[in-house]
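In what comes next, subunit A is part of two complexes: it sits with subunit B in the first one and with subunit C in the second one.
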Partner chain A sequence: MGQSLQSVALMGLGAVVLLSGVLVVQSRNLVHAGYWLLPCFLGVAGLYGLLDASFFFAVQIMLYAGAILVLILFALMLTRDVMNPHIPQNNRWTIPAAVLCLVVGILLVYSVGHSENPSPSAPFHYDITRQIGEALIGKYVLPFEAATLLLLAALVGAVVLARTDRNLPDTAQTAGIASDQGLGMPSPVVEKSSSDPNEIRQEHP
Partner chain B sequence: MNGLDGYLTISALLFAVGLYGVLTRRNAIALLMGVELMINAANINFLAFWRCLYFNSSEPQIFVLIGITIAAAEAAIGLALILNVYRDFGNIEVSHINELNG
Partner chain C sequence: MSVAHSGSADARRSGQFVGVIFVFIVLLVIAAVIGHLTLPGLAPVWHFLGAHPILNALVKAVVYVSFIALLVLFLIWWERKFAGWLQARLGPKHVGPQGMLQTLADALKLITKEDITPAVADRPLFYLAPFVVFVPTVLTFMVLPLGPHWIAQDLNVALLYVIAISSMTATGIMAAGWGSNNKYSLLGGVRAVAQLLSYEVPMVMAVLSVVTFVGGLSMRHIIDYQAQNGWLILKWPLIPAFLIFLIAALAELNRTPFDLPEAESELVSGFHTEYSGMRFAFFFLAEFANNFFSAGFAVALFFGGYLGPILPGIVWFILKTFVLITLMMWIRWTVPRLRIDQMMGLCWKLLVPLSLVVFILAAAWASR
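And now, the complex of A and B:
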């Protein structure tokens, strides 16, 4: 790809990312804000593609545009008042926050402009996926294992946190009923109450 | 605008936008969206530095990979916590959840 074409692509992707980012933080309807995350994440994936990081291009689309976005949209739709455009979604610190963020952004861009500016080195024919894989099972096996452990703990923690019935004795009781029914030989006591499993939960909330 | 400059400028501005979202939103999920924008800005930075300066090392890529993993875990746990708070308080506006406020 020619240099000029590349810079045009960079500017276009940057415009997409920044515009949709602004809409994400500014939309009054939070579901729209969630949907505006999609062009933002896809634009970031495009930037990774421009940087020859093909592996992260795929990971960004699968993980951010696929998983995290769906998770956020589900959580939005499970909670109330997010679709109502008459409820203000920003607090009263909008203007001071805008000034602060403008200052932070200007300072960052200023410091970028005053540092050296190397271009990406000549086109390379590197298999970055292979490189990452070898690094992950070689030098960086410990961080890799720690990350897998973290993901496992996060999954279990999310399931435990989001469970509806957190009452422990109640849970044990219903679990016992379920297993007895599965065996096909319910004890008399269980049989009496298992006619309406919802009734038990109402008795012991 | 083609070199490291362009990428760093975009990621700096994206970071500022995410910071604005975190500072002004009232809804906890919208706050989380701002955090995601900031994490994306950091990842762009890592990969831009890798491509332009540290071409032969794999550290930046490992950083980004672990960072994305942690972002995913953070989103899952954060949203589960937010759903729990919603069940207990009836809304998820961060200024209303002040039971521990002294």
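And now, the complex of A and C:
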């Protein structure tokens, strides 16, 4: 009973992931394509849940459905042509890409099916979250810190890029104020003339 | 004349106050009786449901959605009543005892109202947005420990789960703002998402400070810890953590000092400007249910959850949660709205550094 229920859930989630993945690529409306990512991400989270990998379940939802999807949607909503039926959906790389995908898919299925150590059929029953935490703080602390440094550098880089964007002639006055704020100084009470979408884009580069 | 008038109004208000408290106590007693009598009697039912996972999930879902609907009916009435007292008026009074059925009448009105869709709306997104906002709210209730046996699913990563699921609301709000195809809606939606994402950072740090004390992410773990060592709010590094959590929760709920996403004087009413009828009701339902959840979450994290003497656990939980909700309402009806740059500045320049300091202090204290 439990086993059959699990396989039904597995197939259902797989179907959701695949179908919404196809719709992401197939939608003519860019914002709709972005929103089709939501069931896709949630389906993957559900697959983690089925494996009792509860930590990855939560992180998948938090990072992908909660943060990355929102950033993608922000970018899509700020693009000029959200829906233009005259842009072709295919280009000359379609056939090579399809062949490549097929080859990679076959290789994946083959290697997973014939691997020495197949993924466990029964879910883990130990506290994986604690183990991950201990590994990140203990054994893998150096790579972990290196990754955080890399991300920090990326963050600073994004802020720098966004700030040069602001030094356009017509916003010269607001740019001065913005640079004061960027340094973490207490800002003077001045009404900013920039509009809100720009404002928010600054906060989330 | 005016003195006599205000005197009688005061008398009426205090009379009303007694009436409302009486109603509240009656509700609590009913909850206590239900909690005490039915739980042992229902043991065979739980046993039966435990053997049928799908049925079990369905029953729990129905129970929780009805619980949330009833709760929101009560909360809206309480908010209007409380706002009335704060502003020296009476609040709803005529429909039912102390105006308690006013919200029910309003809900019926919302259900029967025409559901208007703007001609230029992006229909799929416009139609789905209220549900994308409402469903995560219901899902978060799954891990809320209402009483010793009243927890739908005790996940071992409950805290992470709550933070993850509640961040999904942002996509729904954006869908509402974009789908309405209205500049006020879009601005409101974008503001709401910026606010949600920003205030999540100090909120997560505040929750993490609790985790350093408890050493676990499950709700039962947290309550058990508090049963042995006293409420977590009594540990001094967690007092600022609670304050940060409260401010961040107010911001995530879009309540008044932070109600920029639906600022009436600037944006008509933000991301739900174009919504009417049942779809609007779902936004409203989600907002108040979220309010209860945030207060209940804070109670579970800092105020011992359902722990308390004599009375059954669920009564303690609801009492504590309502005290916290009333505090939030008090703030809402007292403090004026922030400007958008003040809102962002408060988060990134004050709360985030402060929460980092609090987290380090909590970690140092917990690992002594």
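Just so we're on the same page, the second predicted complex is superposed on the first by the 121 of 205 C-alpha atoms of A that agree within 3 Å, B and C clash if a C-alpha of one lies under 4 Å from a C-alpha of the other, contacts with A are read in each partner's own complex, and residues count from 1 in each chain.
Here is the rule we go by: a residue touches a chain if its C-beta (ideal position, glycine included) is under 8 Å from a C-beta of that chain, and two chains touch if they have at least 3 such contacts.
Please read these numbers as outputs of a predicted model, since none were measured by experiment.
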item: First (subunit B), second (subunit C), both or neither touched by A:35; value: second
item: Partner chain(s) touched by A:109 [first = subunit B, second = subunit C, both, neither]; value: first
item: Winner by number of subunit A residues touched, once subunit B and subunit C are compared; value: B
item: Partner chain in contact with A:61 - subunit B first, subunit C second, else both or neither; value: second
item: Which superposed partner A:80 touches (first subunit B, second subunit C, both, neither); value: first
item: Touched partner set for A:12, first subunit B, second subunit C, both or neither; value: neither
item: First (subunit B), second (subunit C), both or neither touched by A:91; value: first
item: Contacts on subunit A seen with subunit B and repeated with subunit C across the two complexes; value: 55, 59, 67, 74
item: Subunit A residues within the subunit B interface of the complex; value: 3, 6-7, 10-11, 13-14, 17-18, 21-22, 24-25, 30, 33-34, 37, 40-41, 44, 47-48, 51-53, 55-56, 59-60, 63-64, 67-68, 71-72, 74-76, 78-82, 88-91, 93-94, 97-98, 100-102, 104-105, 108-109, 112-113, 117-121, 124, 128, 131-132, 134-136, 139-140, 143-144, 147, 150-151, 153-155, 157-159, 161-162
item: Touch list for subunit C against partner subunit A, complex; value: 53-54, 122, 124-125, 132, 155-157, 160-161, 163-165, 167-168, 170-171, 174-175, 178, 186-187, 190-191, 193-194, 197-198, 217, 340-341, 344-345, 348-349
item: Subunit A to subunit C touching residues, read off their complex; value: 2, 5, 29, 31-32, 35, 38, 54-55, 57-59, 61-62, 65-67, 69-70, 73-74, 77, 127, 129, 181, 184, 187, 192, 196-197, 199-200, 203-204
item: Touching residues (chain side subunit B, partner subunit A) in the complex; value: 1-10, 12-21, 23-27, 29-30, 32-34, 36-37, 40, 43-44, 47-48, 50-53, 55, 58, 61-62, 64-66, 68-77, 79-84, 86, 90-92, 95
